[in-house]
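Here the structure comes first, spelled out in structure tokens, and everything after it is commentary.
Letters A, B, C and D mark the chains in the order given here, with residues in each chain numbered from 1 onward.
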Amino acid sequence: MQRNHNHPNQFAMVWIPGINELPMSVMISRESGKAAFTVRKHGHASTGLFNVKVGQQIGVRGPYGNSFDLKQGKLLLVGGGTGLVPMMRLLTFLKPDDDVTLLIGAKSKDEVFFEDLANSLLDKNSHQVIVSTDDGTYGERGYVTEVVKKLVSEIRFNAVYTCGPEIMMYKTVQLAHSKGLFVQASLERMMKCGVGICGSCCVGEDLVCRDGTIFDGPHLLSNKEFGHFHRNKAGILENY
Amino acid sequence: MATCIGKIQLERPVMLASGILGISLDVFNRLYRAGAGAVVTKSLSTEPWDGYPNPTIFSVNGGGWINAVGLSNPGAPNFAKIIEPNKDVPIIVSLVGSIPQDFEMMIKEFKNCKITAYELNLSCPHVAKVGLEVGDDPELVKKIVSTVKNSTNVPVIAKVGLGTTHYLTTVSAAIDSGIDAITAINTVRAMAIDVETQRPILSNKFGGLSGTPIKHIALRCVYEISSKYDIPIIGCGGISTWEDAVEFILAGSSAIQLGSAIGENWIHVFNDINKGVLEYMERKNYSTLEEMRGLAKKS
Amino acid sequence: MATCIGKIQLERPVMLASGILGISLDVFNRLYRAGAGAVVTKSLSTEPWDGYPNPTIFSVNGGGWINAVGLSNPGAPNFAKIIEPNKDVPIIVSLVGSIPQDFEMMIKEFKNCKITAYELNLSCPHVAKVGLEVGDDPELVKKIVSTVKNSTNVPVIAKVGLGTTHYLTTVSAAIDSGIDAITAINTVRAMAIDVETQRPILSNKFGGLSGTPIKHIALRCVYEISSKYDIPIIGCGGISTWEDAVEFILAGSSAIQLGSAIGENWIHVFNDINKGVLEYMERKNYSTLEEMRGLAKKS
Amino acid sequence: MQRNHNHPNQFAMVWIPGINELPMSVMISRESGKAAFTVRKHGHASTGLFNVKVGQQIGVRGPYGNSFDLKQGKLLLVGGGTGLVPMMRLLTFLKPDDDVTLLIGAKSKDEVFFEDLANSLLDKNSHQVIVSTDDGTYGERGYVTEVVKKLVSEIRFNAVYTCGPEIMMYKTVQLAHSKGLFVQASLERMMKCGVGICGSCCVGEDLVCRDGTIFDGPHLLSNKEFGHFHRNKAGILENY
């Protein structure tokens, strides 16, 4: 896949032959000019992808989706789970003068990843990487959004970017927006086509694959479904 | 730009085709504001359906799509609740089922909804026991259409496609049973194979081809139906520009639907087409769409 | 790269489809040198036919053609004389007619010619009384195939397409009467309208859609036939790259034909495909095409 | 239609709605950047085209076909009938140093055209325009190929180009080739598709629309059909 350096955050539809096709964020790769994916072993499909052997072929279509609006200055990045993938890619687009705070949220110690990668990507910037685990087995104890709350009341960030579990993003967007900060979140929804025809990824009037995956905070807060509902495969609304 | 499809009156002739983005009332409102004259819902069944696993969509080299979404939908009862608040948008509810009772039951669910028409999907090419398997059986088509016509006063449209029975036979059966209009056509059965892994790409193997590849096939179907029967027609298949829309109207359709073009030009396509058709009408001095309908049959 | 289509043996699997450039023996020789495994002639009738007036071809926006050449051909008797000197080229003679006697008469004309096979065109979508109108009548198909099989020892292929009768019914009728192989598919009935002059563009109004738009439709037909019947298949429709050729072989065809791609890539397309298929076979470690035929049906 | 200045001689398929579609050579136009057609009122279709009113729409697809190989120096151009159209276009591609002889062949005086146009197109070149009519009502008397015969035995042309009735071209090619001159002719045949799929324009193993319309002399002389046969609408060979 061709990587387009002007577009931090994009996703692709990744086909695991005989198993499924899943939306996956485009991850940075050690090989320049190439892209990678980071998979969390979860259900049937992601496990199938996880088990793909070197040399075995997978299919990729895309990249699809829009990208974060890059601001400069003091930046806050809040990521959880595989939502860290777009955050890692975002780090590669920073300017040398940016002052970056990255928050990594996880349930517990063994689910923390990318901390070292983040520190090395940021080694030329003024930065801090803060990890928080729900059970306190590593870093700060408690929800990562508690750290967000504290930081946004102390620091006037030029931008806040978030990707991860929807409740985490919802709270982050609310907190940042309440302080008048520029904030964007990258949403996840059930995706079938990835190109804006099947409708399965809709959130209120927005289609995540086509209008997003990244939306501005104010727009999201006016969307009745954000933070509350997502749709299952049949398109029925389910609570978070 | 207003048009009448028999008893159905629309302000603008371009509608959203069934199965495309048709899942929430908010989206319907957005599309209506974006210029759609009406929206057709995803085809609804009596129960919720998950549809097929991914991959459900294949992007055809050179344009168009093959989909085997598998008629995933929240089911008529759930969906009726979603659109109950609707006041403004002309909504056409698409229904899919195997027997007349399925349709009868679903129509009851919509008793509190403001609905412009029902569209019976007799032509989905990739789900067993419904869609084309129904459309290919003219006797069953007659029974379903009669039952539906007896269950509602709202106009009823039959959507046909290329199946194993000649689609004109299905059209004729539907007309005999009192159908109000015909939508032509649905996707065309197709498949794609991956040469590296040597498997069909779609999880269901077969899917329906839509978009530019089927435009000229759909156009001839509209022309053939309008040459043979006196029934309002909604043209559908591969329409993406105002020229396409005009071609379908000249071939005899009263309105058109589109889906795949949204994958390429996003929802701007509605206003682009509206604008183009309007300019064409001004240039050619038509004050109504009706004046240009079917003109290609004269030559 | 050699392939057997039942009793028909070819050195290379890609043939020229009927109706394409198939008019002179010199051209056949040139195409054979350019890499075609065989050439299928224009469909021949008992008498010479002028075909329809121009326009007979419409170039589809985004790829493909709609043609209504109208089966113009010099007639079987004239044509037999043209190919009598042939020694080297595997020529498949395509025949078109309305009744069994037409075919019987034509086959007699070719008694002094070296012919690899006959292909019965049961599927031209734009000429009345022959082609699809024959293919759509399974009883007539049976009579014609039986008559032809009794008139010659050369292998006989039936070419099918999407008509008003399900093409699998035609396939089944042909198999019942002893056909040796099936070519699938012919062009798909279509039309184009000019929005400025408001008329159908082709002089015959309707024509046949070929090229990339029909590729995935043709592919599913090959897959469906090979899943249901044990008969050698020649895939045809929208093939223009080696990947396309491989897809058709994986779907179950023993050989392929192409026509429209010549309009885009000229006759280099034969060698390009041969080269690509060969490299693919080497990479995947196949020593014969037969090893890969139908593999997509396994998954 | 977009005119491509690098390709002298190309043709287009011109649709006269409701009547026919005909191959027509691309003609130079007074408006720069545009092309035109020159029609000879002949049978049903060309008369239909001839009668097209200003503002009435015709359809054009193309341009198709290859172009003359432009040589420099002493050039001989031999045109007859509508075969003069490509010759006129060729004149617009000449270099200032070229020394041009244009032969116009016609049956009689009232069929002579383009003489003035040619002279004005050539006014910056050393040139001569010679007209010959079969009946001698204008210019030289006799077949234009008699003039060709005389000229090629006197002058060592760097190239000879011809377009017109096939017998005229056949003789011109023979004469020029016998003197070892570079010669090209632009052929006409029954055309349906214009793009190399229908086969109706074939001459031996060549397809005029795709391999031509312009061919080199030696290649043509090795083609058994050139100068002898053409095919009718059914594809049957007919004598010239």
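We take it that contacts are C-beta pairs under 8 Å (C-beta built on N, C-alpha and C of every residue); 3 or more make two chains touch, one makes a residue touch a chain.
These figures come from a predicted structure and were not determined experimentally.
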Chain centre separation in whole Å, for subunit C relative to subunit B (CA means): 33
For subunit A and subunit C, let me know how many angstrom lie between their CA-based centres, rounded off. 52
Whole-Å gap between the CA centroids of subunit A and subunit D: 66
Can you check how far apart subunit A and subunit B are, centre to centre, with Cα atoms defining each centre and the answer in Å? 36
Tell me, which residues of subunit B touch at least two other chains? 197, 199, 299
Interface hub residues of subunit A, defined as touching at least two other chains: 18
Viewed as a graph of touching chains, is the assembly arranged as a line, ring, star, complete set, or other? line
Any two chains that touch count here, so list every such pair. A-B, B-C, C-D
Show which residues of subunit D lie in contact with subunit C when the two form their complex. 13, 15, 17-18, 20-22, 45, 57, 59, 61, 192-200, 202, 204-205, 207, 210, 231-236
Complex interface listing, subunit C residues touching subunit D: 19-24, 26-27, 29-30, 42, 48-51, 53-57, 59, 65, 67, 69, 72-75, 78, 194, 196-197, 199, 201, 203, 259-260, 262-263, 266
Partner subunit C, residues of subunit B touching it in the complex: 60-64, 66, 162-166, 168, 188-193, 195, 197-200, 205-206, 209, 212-214, 216-217, 219-220, 223, 243, 246-247, 250-251, 280, 292, 295-296, 298-299
